[in-house]
Structure formats: C-alpha cells, structure tokens
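First chain A sits with chain B, and in the next complex the same chain sits with chain C.
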Partner chain A sequence: MKTVKLIVVGFGTIGKGTLEVLRAKHRDLMEKQGCDVRVVAICEIDGTLVNGKGVNIDSVLKAAAAGKLRDHPDWKNMKSLQAIEEIEADIVLELTPGDIKTGEPGISHIKKALECGKHVVTSNKSPIALKFQELTALAEKKGLKLRYEATVGGAIPIINLYRDSLEINKVGSIYGILNGTSNYILTKMSEEDVSLETALKEAQELGIAERDPSYDINGTDTAVKLVILANSIMGKKISYKDISVKGIQDITPDAIELAGKHGFVIKLVGDVNGLEVSPRLVPLHHPLNVSGTLNAVMLDTDIAGTLTLIGHGAGKIQTASSVLADVIDIMKDMQDS
Partner chain B sequence: MKTVKLIVVGFGTIGKGTLEVLRAKHRDLMEKQGCDVRVVAICEIDGTLVNGKGVNIDSVLKAAAAGKLRDHPDWKNMKSLQAIEEIEADIVLELTPGDIKTGEPGISHIKKALECGKHVVTSNKSPIALKFQELTALAEKKGLKLRYEATVGGAIPIINLYRDSLEINKVGSIYGILNGTSNYILTKMSEEDVSLETALKEAQELGIAERDPSYDINGTDTAVKLVILANSIMGKKISYKDISVKGIQDITPDAIELAGKHGFVIKLVGDVNGLEVSPRLVPLHHPLNVSGTLNAVMLDTDIAGTLTLIGHGAGKIQTASSVLADVIDIMKDMQDS
Partner chain C sequence: MKVDTVLRLKDVPGMLIKALEPISSHGGNVISVTHSREEKGLVSVHVSFKVQDQSSLNLIRRALEKQRIIISEMAIEGRTYITKKSLSFILVGHVIDTDIRDTIDRINEVGMVSGIEVVMPAPNQKSSVLMDVEIDEKSNGILLSLVEKICKEKEFLLVRSL
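Let's look at the complex of A and B:
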C-alpha cells in the first residue's frame, strides 16, 4: 500500500476539520484508494508538530481542544517555511486564513512547497485570487498540482466539476451566491422583517458571522471568490481590483419587502461577465434563490446549457470534503505514475 | 497526436446531437486533449456507415437530415453486433433508445463491445438499470470502462461528480426530479391553473412530451433513473421492481392550488431510501422546486452536507455534453496508459 504524507499548514477551523475527517475516513481511504494517508507535520504560527511516521491525529486533536498543543511530545520550535522545505512529504495543505491585501503567508507557503517539489492543496482564497497566473505557472513548470477547490463555495465541488465533467463546454457566464453570512442576513431580513443589524447580531450569536464581518457584508469575500471562478473556469486573467464591488450594507427591510411584492428577493450576486458584485433582484423561482447560509453557483455553458450547484459554502467539516477531494485526486495521479 | 476511434450505435436524437457537438468541438479536443477523435462507424437498425479513417461528420449529418443516409458512400449492409465486433475502435457509444422491459438491443451491444475489448459510453437507461451488476462486473473483469453519465439527468454530471469529487463522502440519501416532461406539466398546471390534459397537449406541441408519454407521466422513467443513481452512487443492489411507483396522472389543479395555499408545490420525486417514486409536497423555497423541464438531484452526504445539482434533463445537445464528458474521461486514461 502506498503511503501519502501530508504537511498541514495552519491549524484553525479548516485544519482541525480536515484532521477530524481524516481520522474518521482513514480506513475508507486505505480500502477504497489503497492509500495510507499520514500527517507528518502540522504547522502553527509559532511552531510545528513533527512526526515522520505520522502524528497521532487523535492525540493532536485532543491536545488542541485542551489548548495544550505546545505540550504535545511532537511539538518543535520550527517555522512553517522551514517545515515545508525540510520535512519529506507529498502534499502540502495550505489552510491558513488569508490576508486579502497581501495574500501572505499563503503565497510564501505555496511557492515554497512547489519549489520543494511538493503538490499543494489550499483552502486559502487570497493567494489564488491575487497570484493565480504566477502560482499555476509555477506548479506547471514543476510538474506539480496546485488544487484549490475549497477556496470557493465550501463543499460545492464546482472547480473540479468543470475540470472533470464539463471540459468540452465553453462557459459563457458565471453567477454566484458565494457568501453564506450575507445570504443568511438577507434571508433573515426577508423572512422575519428585521433590520440588517438585528439579523447580523443573530448570525454572530449563532457563530455564522465573525466578530468583524466587514468582508462578508461589503462584498469583498464574494469578489475574491468570483475572481477565482473567472480565472480557473473561464480562463480570464482578472484580479480583485477589476471587480466593481457593492455590499449589502445599505439594504433595508423596506427594499426587501418591496422586492417581495413584485415576486423577487434581494441577493448578493457575483457576476463574472459584469465584473460586478452587487445586491440584485432574483426571481422567487430561480435556482439562485437559496436560503440561509447556502451558496449557489450557476454556469451558462454552450453545450450542457445552464447548470446550478447548491451546497454549504462553509463549515469546517463541509470544507474538508473539498480539501480531501483535491488530496484524493492528487493521490490517484501519484499512483498512476 | 493520439487518434481515438469511436463506433456510434444508434443514430437517433442523441446520436445526431453527439455528432453535431463532435463536429463543433473537434479542434478543441485536439488542442486541449491532444486527441484526434474519429467516428469510424455509425450503426443504424438496418446497416452501418463504415470508414476506418473516420466518417465525414458533415456529410453524414447532411445525408441524415435529407433522409438519405442509406445513399451515403460509406453505407454498408452490416448489422450493429457485427460492426462492434469487427471494426477496430477504442470506444463504443451505445446511444439506442432502450426497451425498459428487456433492455435490448442495448444489453447485447454493451456486452459485445466489452467482450471485444472496447470501452463503452452509453446514454441508454434500460441496460444500466436492468443489468448494472452484470455489466459493471464484465467491464471490470476486462479492464475496461463502462460509463453512463447521460442515462440520468441529461446534462447534469451527477455520477461523475460523485466519482471525481465526493468519493470520501458516504451518501445517505438521494432525492431527484428526474423527468423533465412531468415536471413541465406540473409547472404549467401550477402557474396557469390548467388541467393535466391541457398541459400535456402543450408539452406535446412544443416537442417536450413524446406522442406516448406514458412512462414520463406514470413515473416509470423516474424510477429507472432512480435505480441507476442508487446502484452507482450509493452502492445499492436494487432493480426497477423494488421501487414503488406512482405517477402524476391523478394530480388535479385543485390539489396543486391547495398545496400552493400552504406554501408547497407538487413535484414528482424519486427517493432512493424510500424506494419510491411519487408526487410529493415540496416547500416553495426548496432546491428541488425547479421549474419547467429542469431536473434536480439532491444528495445528502456525511461530510459535504447536502448538495443539489440543477440542470437540463434532456435535449440532444445537452445530453451530448454528458456523453462526451465520459468519452474524454476514457481518453485521458488511454493517454496515461
């Protein structure tokens, strides 16, 4: 049986979720894929858990839950870039949160991994949105894979769907509801006739919205994801700065009520061809009219017609499904070669 | 450049649609996939067009449109089973219409192709629904691929999506709106408050419903597709006879109106776990509430959560997208080996 070694960089929500799923599915992966997947390093901001034979995922998750990761016997005073360079592994999972202005530390992690001959799977939007051409070119030059399904639409496998099943199609346009927090707020405002502030407060209490939800509310998060879809599926070469962005901050209950009277809902829509993120009127019976934290992506294609995918745009376990789909895809190619 | 040779068996709507798309995308396939795809035979019920170097697709489509296929210089008095056995090719596209009671002639075509060392792509529901275990076992024994994306949901790449991107997930249930004709009729009845007979007549005039729409209306077509989804995605071993089937024939405008008053629509839903096809109440704001001829498939998974795909369930060009996605997938593996 082949052993596949992973370095996990970033041990926040998605990192922990990925490890939880790996723990639950380890036997499945062996039986179905013939692969023994081992996590040989987990990089935090101030050090790294290192175990060449594979860390004990259970003990790591328990230590993390107890806030005692630094007391774990595998903990070393090693920085992430050093770990990526020095530790023998097949795939680096870059799962740090991104800084949308700089893309760091994700960009440096991804470059280092590719330069050291390691495949990369990332859930980090910023590096892919900011440096798509450069990073994909580097991966190609090195004969390595750079996969980023989890950067857009959480558990919705839209990028892989296009690559694996729609390649013969030319995609003419992409529309998306790509931010669960803003969609939750708009849904609440519509269903319960409450103000944006009230809906946001509830979302924060439920853990759906972050303490600083600016990027969700003002459209930035949607724009970043739109750039990734445009470049990866439609072959565009656009950056975040090309997108005109308007958020939901000025939407009032009155506007939502008025839209409803005419058979519409207000949704924060990303539109690749319009290079625009903005609140738009969506007909009640339209596939993009999804409720709550759901995301939806609609592709207009020349052969398959219009396809819409609806699913969970976030959630640590759900997003891990996309991270691990990318890992499995790379593993399959490793076995073939 | 690698040449990939196809035998097209069945030259009805989907066969013609597939050739139209191949004509339009021939250069794309060469440039993107590095494959020169040639159709070396097209089998009709009473003979076969044969050209070892590849038929001229343009001349064949023109001859077919003029009803003069039998006058084409490549026409030979050769039966389909003989063509599948004797003509050198990589992939057989089995695109005949199926007889749901016997599965013929599709079953014989698929078996013959696999026995002769040829991969198979089919859009024919009946053989896959009736003989799933036997045919997939035969393909595996021979080290060949049997692909059938186009049998369910037309252009919706649900089967490949599961295989390529959701493999780590256990699918707990599948619900589907799998028949465009019945969904069109229910949508019309709901939106225009007309009887089933009126809606059906309009569907027939528009070419959406066939002259004998019994299998669409009585749920048989949905049940056949449900069996394919259950066996291929959930690993079930069920046959058509295990499904309890109730169609839309008794749905009245009154029932639809009453449902609407309570915030529901009536949809013909296939439910794998319930082993049932039946008209069900679906909430207005539910991803399965799709209009017109659209299809929708909803998967409940353990990791990715609930995913819904919405798209065109039929149409000759749309269905060709799924047929050719399977062809491309097989081509990729041929190049690797």
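Let's look at the complex of A and C:
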C-alpha cells in the first residue's frame, strides 16, 4: 500500500478538525483509496511535532486539548519553513491565518513547499487571493498541485465542482452569500428584531464570530473570496482593489423590517461579475435566502443552467471535508503517475 | 394593427375602467381583457386592442402615462415593443431631510416611482425608505447609476434588489 505523508502547518481550528477527521476515517482511506495517510509533521508558530513514521494523531489531539503540545515527545524546536524544507513529505497543508494585506505567513509557506517539490492544499484565503497567478504558475512549473477548495465556502465544493464537472460550461456569473458570520447576524436581526450590536454579541458568545469580526461585517472577507472565484473559475485577472465593497455595518432593524414587509430579506451578497460586495434585497423565496451561518452560491452557466449550492461555509469538521477532498484528489494523481 | 399590452394597475375600484377609457377614446377597439391578482397592491391586466395606426397608439400611450398607469409590456402585431420591470430598493439615511421630493423627481426622469414606504424612528435618526420603481428594461443601468449618484451625494446606504 502506498504511504502518503502530510505536513500540517498551522494547528488551530482547521488543523485540529482535519486531524480529527483523519483519525476517524483512516481505515476508510486505506480501503477506498488504497493509501495509508500519515502526518509526519505539525508546525505551530513556535515549534514542530516531527515523526517520520507519522505522529500518533490521538496522542497529539489529546496533548493539544490539554494545552500540552510542547510537552509531547515529538515536539522539536523547529520553525515551519525549516520543517517544510527538510522533512520528507508529499503534501503540505497550509492552515495558518492569513494577513489580508501581506498574505503571510501563508505565501512563504506555500512557495517553500512548491520549491521543495511538495504539493500544497490550503484553507488560507489571503495567499490565493493576493498571489494567484504567481503561485499557480510556480506549481505548474514544478509539476505540482496547489489546491484551495476550503478557501471559499468552507464545506461547499465550488472550485472542484467546476474543475471536475462543469468545464464544458462557460460560467456567466457567480454570486452568493460567502460569509457565515454576517449572515448569522442578518438572520438574527430579521427573526428577532434585535440590533446589529446585540446580534453580533450573541454570535461572539456562541463562537461564530471572531473577537475582531470587522472583516466579516465590512465585507472584506467576502471580497477576498470573490477574488479567488473570479481568478480560478472565471479566468479573470483581478485583485482585491478591483472590487467595490460595502458591508452590513449600517443596516438597521428598520430597514430589515421594511424589506420583510415587502417580501424581501437583506443579505450580504458577493457578485463576481459585478465585482461587488453589498447588502442586497433578496426575495423571501429565493434560493439565496439561507439562514444562520449557512452559505449559498449560485452559478449561471451556459450549458448546465443555474446551479445553487448551499452548505456550511465554515466550521472545524465541515471545512476539513474540503481540505481532505483536495488531499484525496492529489493522492489519486500521485497513484496515476 | 393589433396591440397586446400588460398594464399594471393599483388594486382599487374603478381603475380598470380608467385604464380602458383612453384606449377607446382614441379609436382603439378592445378585443380582450384578462387580469390576474398580484402582490403589493398591484394587478396586472392583459389588454389587447386594435388600433388604426401608430399615431393613435402614441396618443393612447401618452394618455395612459398621464394617468400614471404603467405599461409593463407591449407587443405590436406579436412583436415585443417594450418591457418594463419593477425594481425595489431601500435607502437608509436622512432621506426625508435631504429633500425626498428632489430624490423622487430625479428618479422619475428615468423611471417611475410607483410605491414608497417610509420608516422614521425619530426626527434626527436615520430613516429607511423603500421605493418601487417601474422602468424600461433597457434603462436599468441608467437608473442604477443615478440612484448610486444620489446615494453618494446625500449619504444614503443603498440596498438594491438582487
């Protein structure tokens, strides 16, 4: 049986979720894919767990839960870039938080991995949004795969769906709800007639919104995802500054109520064709009227017609589904060649 | 020539007669009238009629428009001539204090404001105003840039329909 070795860079929510799913599905992967998937390194900001035969996922997750990762026998004082370069592996999973302005540390991690002959799977939006052409060109030059399904729409397969099943189509437009936090807030405001501040506070208490939710609310996060969709699916060559961005910060309960009276809900919609993120009136029975943290994306295509995808746009386990879909895809390619 | 129209009328008694009157008074011969109820207090009525020539038809159109009756579709001898659609949007800001009459007049130069609802929480707080505008499909872009311009000028947040 073929062994596939992974390096996980960034061991936060998604890193842990991915390991949990690997632990639960290890046998499935062996039976269905004929691959023994091993995690040979896990990089944190201040060091790395290293085990050439594969770390014991269970013991690592337990140590992490107890806040004792640094006491684990595999812990080494090794930086992520060094680990990516020196440790023998097939695929690097880049799962760190991305700085929207610089794309770091993700860009350096991805470049290093590709330069060292390793495929890359990432959930980190910023590097893909900021350096799409450069990174995809580098991967191509090296004959390696760079996959980023988890960067847009969490668990919803959009980029892979297009690549695997829709390539005969010309995509006329892609638009939808790509940010779960703002959608949760708008849903709360309309269902319970509360202010934006109250809805946000509740989202933070539930762990849905981050401590600094400004990128979710002011539309930045949605805009970054639009850049990725525009470049990867619609073949545009655009960057963040090409997008007109308006968030939900000025939406009032009055406006939401007024919309409701006339058969609409207000949603934060990203529109790839219009290069625009803005709050929009969506008819009550429209497929984009999804509630809570759900995301929804519509693709208008010339052959398949209109497709609507609805699902979890974030979440520890749900997002791992997309990360591992990319991993499996690369594994299949490795077996073919 | 045969003309098929869809008129959008306010759902109040007497509206239909008011709409048919200009047709017959300008020599139109009404062939059929069917109507279907709709939301938002408007009904769509399909009216087909025969008319002598283009100039009579123009007189009919002008008379209908004068009465603020919306011709949302028109086909002459089966060929579609105009299609109008109804657009809704919400403005959030000091919509009343920044001369709402001016806002409406400017929009009416491109389309026709057919419905308006205002929610005003308190005199110096921001109000929310929903407008329905009937517009020629072709002028969609012009209306949008006009509304965006007004919003920039008067510092409104625009929430337009999908």
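Throughout what follows, the second predicted complex is superposed on the first by the 337 of 337 C-alpha atoms of A that agree within 3 Å, B and C clash if a C-alpha of one lies under 4 Å from a C-alpha of the other, contacts with A are read in each partner's own complex, and residues count from 1 in each chain.
By our rule, a contact is a pair of C-beta atoms (placed from the backbone, for glycine too) under 8 Å apart; a residue touches a chain by one contact, two chains touch by 3 or more.
Note that the coordinates shown come from a computational prediction; the quantities given were computed from them, not determined experimentally.
Student: For the three-chain arrangement built by superposition, which of chain B and chain C touches the greater number of chain A residues?
Tutor: B
Student: Of the two partner chains, chain B (first) and chain C (second), which one does A:255 touch, if any: first, second, both, or neither?
Tutor: After superposition on chain A, A:255 lies in contact with chain C alone.
Student: Applying the touch criterion given at the start, work out whether A:30 contacts chain B, chain C, both or neither, answering first, second, both or neither.
Tutor: It touches nothing on chain B or chain C.
Student: I'd like to know which partner A:116 touches here: chain B for first, chain C for second, both or neither.
Tutor: Neither partner.
Student: Go through the superposed model and pick first if A:279 touches only chain B, second if only chain C, both, or neither.
Tutor: The answer is second: A:279 touches chain C but not chain B.
Student: Would you sort A:167 into first (chain B), second (chain C), both or neither based on which partner it touches?
Tutor: First partner only.
Student: After the superposition on A, what does A:246 contact: first (chain B), second (chain C), both or neither?
Tutor: Only chain C is touched by A:246; chain B is not.
Student: Just checking: does A:308 make contact with chain B only, chain C only, both, or neither of them? Give me first, second, both or neither.
Tutor: In the superposition, A:308 touches chain B alone.
Student: Help me check something: in the complex, which residues belonging to chain B touch chain A?
Tutor: Touch residues, chain B against chain A: 21, 25, 28-29, 32-33, 149, 155-157, 160-161, 164-169, 284-285, 287, 289-291, 301, 303-312, 315, 317-318, 320-322, 324-325, 328-329, 336.
Student: In the complex, go through chain C and note every residue touching chain A.
Tutor: The touching residues are 39-40, 88-90, 92, 117, 119, 121, 126-130, 157-162.
Student: Under the touch definition given earlier, write down the residues of chain A that touch chain C in their complex.
Tutor: My answer: residues 175, 246, 250-252, 254-255, 257-259, 261-264, 266, 269, 278-283, 286, 288.
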